[in-house]
Amino acid sequence: MANQKADISVRELIKQNKSTLNTNRLIEALVPKFLLVIATISIFTTIGIVFTLLFETVEFFTRVPIVEFFTGTVLKPLGDNAQFGVLPLITGTLISSAIAMFVAIPIGLMSAIFLSEYASDRVRRVVKPILEVLAGIPTIVYGFFAFTFVTPLLQKIIPSLEPTNILSPGIVMGIMIIPMVASLSEDAMSSVPNSMREGALALGATRLEVSWKVVVPAAMSGIVASFVLGISRAIGETMIVTIASGSTKNFTFDVTQSMQTMTAYIVEVTGGDAPAGSTLYYSLYAVAMTLFLFTLIMNLIAQYISRKYREEY
Amino acid sequence: MQIVTSMRESMNGTSTSDTPVEKNMVYETKDFHLWYGDKLALKNINLPIYENEVTAIIGPSGCGKSTYIKTLNRMVELVPTVRISGDILYRDKSILSKTFKVEELRTSVGMVFQKPNPFPKSIYDNIAYGPRIHGIRNKKVLDEIVEKSLRGAAIWDEVKDRLKENAYGLSGGQQQRICIARCLAIEPDVILMDEPTSALDPISTMKVEELVQELKKEYSIVIVTHNMQQAARISDRTAFFLNGEVIEYTATDKLFSNPSDKRTEDYITGRFG
Amino acid sequence: MKYVDAEQVQKKMNARLTVNSIAKSIFLVATLIGLVVLVILFYRVISQSMGWIDLQFITNKLSTMPERAGIMGAILGTLWLMIVVAPITLFLGVGTAIYLEEYAKKGRLQRFLQINISNLAGVPSIVFGILGLTIFVRAAGLGNIVLAGGLTMALLVLPIVVVSSQEAIRAVPGFLREASYGMGATKWQTIKNIVLPASIPGILTGTILALSRAIGETAPLVVLGIPALLIPLPDGIFDKFTVLPMQIYYWTIDAALVAEYANLAAATIVVLLFILLVMNSIAVVIRNKFQRRY
Amino acid sequence: AACGSSNSGSSEGDLEGSVVIDGSGTVFPFMSVVAEKYMTEAQEGVSVEVSRAGTSAGFKKFLVENGTDFNNASRHIKEEESAEADALGIEVKELKVALDGLTIVINKDNDWATELTEQEIIDIFLADGNKTNWSDVRSDFPNEPIKTYGPNENHGTYEFFWETILEKQDLVGSANLQQEYSTLVDLVSKDKNAIGFFGYGYYASNTDKLTAVKVDFGNGPVEPSLDTIAEDGDYANFTRPVFTYLNTGLAKEKEQVLDFAIYMMQNAQEVAGETGFAPLTDEEVKATVEELEGLK
Amino acid sequence: MQIVTSMRESMNGTSTSDTPVEKNMVYETKDFHLWYGDKLALKNINLPIYENEVTAIIGPSGCGKSTYIKTLNRMVELVPTVRISGDILYRDKSILSKTFKVEELRTSVGMVFQKPNPFPKSIYDNIAYGPRIHGIRNKKVLDEIVEKSLRGAAIWDEVKDRLKENAYGLSGGQQQRICIARCLAIEPDVILMDEPTSALDPISTMKVEELVQELKKEYSIVIVTHNMQQAARISDRTAFFLNGEVIEYTATDKLFSNPSDKRTEDYITGRFG
């Protein structure tokens, strides 16, 4: 070994390459700064969203009083006596989201319990990705499905159901959200340490008792966070309601009727391409701002829940 | 769990010779083998366990101690790849038969684990969990059970004023005694303990050891331990496992003072392990 | 005194076991619901598209006449859109992820960025559409061309790429980093030579998933104002364009006028789902092929 | 090569660039067929893009700097809109492309209201008409609620109906107004008690789903059809011309825009028939084409 | 890493007495303390390390062995909460001073880790990694370096035909030697080894031990080991750590035959640990 060392001295070579060292120093100093700039793009995006929405929203409120906007039950944005009450949109949004969660929460949670607590590893490995396919289907496909399949089907059960209604897209949104709830809840449950399950099983508990009284409570924060994220998703969902719920600005709680959500309103107004400068145009931003705030609050709640309760055991 | 057909044979002489006084048997293990997938983890185990005794199981890491003790309440079958042959009788009934209800077995056989594993609930709810799932709902009865169990686990005085607090606020040693209390609450017949003190500090360890001595008056106890001193201190009978086999099983005094197998001697004198 | 009555326990045991098996069946059924819907959905779409998918349908330009209509324009539009989205998200997403995982001190800034990114991931896509309309289409005067749509989509899927790249980078075991530092490598050398190569499968998987999200999005493009009839094929990022989901949208609502449009919509859905399936399979293959060996 | 044979109106097929058209949803089917023909038969290099925001919404995109080249309209340009054009210095040319009959449609299962008088229709849609149930219209009609449908205020059809037929009286508040005509077709075809209105073309392509009400203007019920829809036909009261408005400034600037305009006029009669409009007379076409040629 | 102002004092007598022959010092550690957050992990370390010797560091788990060896090439500062005081000199220069370039230090001081950690690259690229990051690009030179280093790590013959294959295809023992070769490729002055054989089978362990013996002719080696026999076999000098302190540091022969501290004796006779 010593004889070979005479051939080349790496130590010497490295010393000769001092210049590499200096370039390295420079790169080393520049890279983090450069990456910081890139990383702030996401912040600029947020700022961009907030500012575009805010400016035009403020302008909107100089034309339509903020109180009227948030308490008005009549939304009639076109024509001569336009009225801008956002409540019909808010109820539409909340009702469709409520229907969606009414479908997604029980089914999603039960699927999660099945996958995490009952299913064998093999079944879980097969079923979970298939469920996740549901989440990956474009929403336009669900809209088509709701309008051409679910609504006619429901009309057989509820004859008074209108051809466009909030019930059918609500249910379909729920189906779309099932995998989200199931997958996140399942993650939360499978991260409950096995020792907890063993403790309960060793007391003679059945699988159900273990799941329901030990695992689910222990994973509660993750489960609730998945619900909240699901709601946020439902609130922001656009194409399903646009296609299947129509654009009637009803202020009602009758789910068999057509209602419009905030998202569908945005589609309608931009589809008619509201010209800059009209109140209609500004109303777009006011509604978008309201929508943004709704989902922002939901996302913050979800993050708060999952952070706060992360390390309970 | 897939039960391989087995031939029940008379008990293998080597492992059960030299037993001291004959008492009632709680468990009887016969020609028992266990595989994880293709790996043989327990080989031809024959081991009687007696009433109101502390039976210690010792042996080096990976020798199959946990596997064996988990077989006694069939927790081992939570591992999907497990296969077994042979038989285990609890109170003269085969616990491996298809018709046997594991939940019932586990109600009579409590278990305490290596790492304290209280539920993330209040102390009270931890203890009441078992009685509740067995249908006891009466608040007064539950109160009594909780107090009795906590007293039984020698931790009542320390926690009686904070029963509503989360069990995770307690120290490791206290948590372990909560787990013991939880297990006492359903009044088991046998208590299985898998290295119950290995995560505890010396003082907590001492308390748990004392408790075990106390409990044996009412319960039969099987305890796995890494710590030979502990086995010597608290057990009546000791089994020495090595590579999935029972090398020697006899009265604790005898095993530690006068082991009959060379490997036992090597192990207890610290030659390996 | 005995509280736990063995007989009582015995009696209750059977009931409890029955409840357990019933619950298990219910949970199983709940799990199957999702799968059943999936089957129905696929069946409906495929049966409606029967006879409508052929080579002509893929290669023809759009037309008002169902027999002549094809989706080449939408396919090319989708392709051009991806050509804008992929490099931008990859560059910004991986850059942000490296910054957050390797450089940012675990402090306020890092937490703020992280929260901001998770919030961005939860902002409805239609709000991104408004952002794109206001900033790219109008303020920057791009109009509704591929570039404007691509930039909008890139911002929309950026959080997905950031988060999955972060996970991939985090999954590179510390001992590889240590080994590199131990050789006298600088931080950037370590990242460039060790961390990034080892996390590329994860990053690619995340990026493919993000792209499939972008391919399926409709709402932001509706807001950007994609024309209802656009026959010429786009051949660059400065052209007007339409994409598969937009075509599905218009055909779905216009099916009331020309019944065959429903079949065209279904056929386009099949093509879209096929593309997504292929992309997801690629992601899975990458993930399995490069599964951590250390 | 641009100044080709003035007769054909289109050059030899080597034009390039784009033509952007928005506006009326009523005219959309007509214009999209013309556009497709143009791109396949005349000028493959030109990209004609047609949208359908509605007449009023379309004018707002037309009357801005660098706005759309054409705005389709199912009504005349309004005074405010003309004023706006003047203010912007946009010179607007109205091109009448065909005639449309405003068609009152009902559900296929509706067997009672297949013939209505003009006044009954007006009352049904008027806020002050006090017709909430079909039996309020005629006592032998079923006692079921009337559900009214129509295009929303973005649309010229809405304004034509409101201004010309309702004479600017308030529309009934419960009317279900939609952006997309296809949605309207769908809604009416699924609602037994529905009555709605829109251009004849949307009815013509859905005769299997909808029934057109025969309107009695005083001389017995008239069914809208390509024969009765005419400025002096039996359906004249509900007949209206439909247009496209051309930004002549842009037409002079961009050869393909003017070329398209001429092509469209030359093919207007043929396409009108295909898409459910009554065609213009030969003289009308000729006059318009000549005017357009003059812009060159 | 936050450097607490420290008072350099003369070396503490207890830990460095009884040194055999006086040689050149490579490292000198003076009054060194290290905290993880608030936890004191190294307490007042004073330890000279000599040229062309194998210095072994032994002690029970958690006593600070890894922490100390990682301090010698400042890898320990990858843990963000680390704080230190005192000083460490390498070749008479303080490695803790602000102006000191860690990359240079780490180029002169190679490290081999407990678990073999080759890069997920080809064998060739693994070895060439170090030279390359230091700017050596010439293919022929790299080839020579690779061969020399693999020979140096006694693994050339086993891998010379598969240099392009991924290093993860090798056995654990081969991987560990690849890691040693990787470290030789930049011709370090000192090699730090943290339990390099603990993940290896006995035969691979023997090979590595032989290699260490060989390497010490040219390099100074510091090796952490759990295995006292190993320390006794291969090292010239041994330091015994306990709870973050150096209890005894002297010639290996002496430490194992005649320890001067009771705790050392207890440890090497297996009384605890």
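Going by the order they are written in, the chains are A, B, C, D and E; count residues from 1 in each one.
Assume contacts are C-beta pairs under 8 Å (C-beta built on N, C-alpha and C of every residue); 3 or more make two chains touch, one makes a residue touch a chain.
Everything quoted here is computed from the prediction, not taken from an experiment.
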Set of chains adjacent to subunit A and to subunit C: B, D, E
Farthest chain (mean CA position) relative to subunit E: D
Superposition rotation for subunit B onto subunit E, Cα-based, multiple of 5°: 175
Best-connected chain pair, where connection means C-beta pairs in contact: A-C
Computed distance of Cα centres, subunit D from subunit B, in Å: 86
Centre distance in Å when subunit B and subunit C are each reduced to the mean of their C-alpha atoms: 51
Inter-chain centre distance, subunit B versus subunit E - centres from mean C-alpha coordinates, in Å: 44
In subunit C, residues with contacts to at least two other chains: 16-17, 186, 189, 225, 253
Per-residue multi-chain contacts in subunit D, two or more chains: 51, 183, 186
Residues of subunit B whose C-beta touches two or more other chains: 103-104, 107, 133-134, 186
Chain pairs that touch, as defined at the top of this document: A-B, A-C, A-D, A-E, B-C, C-D, C-E
Residues of subunit C defined as touching subunit D within the complex: 63-65, 225, 227-232, 240, 253-258
In the complex with subunit D, residue positions of subunit A that touch it: 78-79, 162-164, 246-248, 258, 268, 271-275, 278
Residues of subunit D defined as touching subunit C within the complex: 18, 28-29, 32-33, 35-36, 39-40, 46-52, 180-186, 189, 202, 205-206, 209
Sites on subunit A touched by subunit C in the complex: 24, 27-28, 31-32, 34-36, 38-43, 45-46, 48-49, 52-53, 56, 106-107, 110-111, 113-115, 118-119, 127, 129-131, 133-134, 136-141, 143-145, 147-149, 175, 178-179, 182, 206-209, 229, 232-233, 235-239, 242-243, 263, 266-267, 270-271, 273, 276, 284-285, 288, 291-292, 295-296, 298-300, 302-303
In the complex with subunit B, residue positions of subunit C that touch it: 2-4, 8-10, 12-13, 16-17
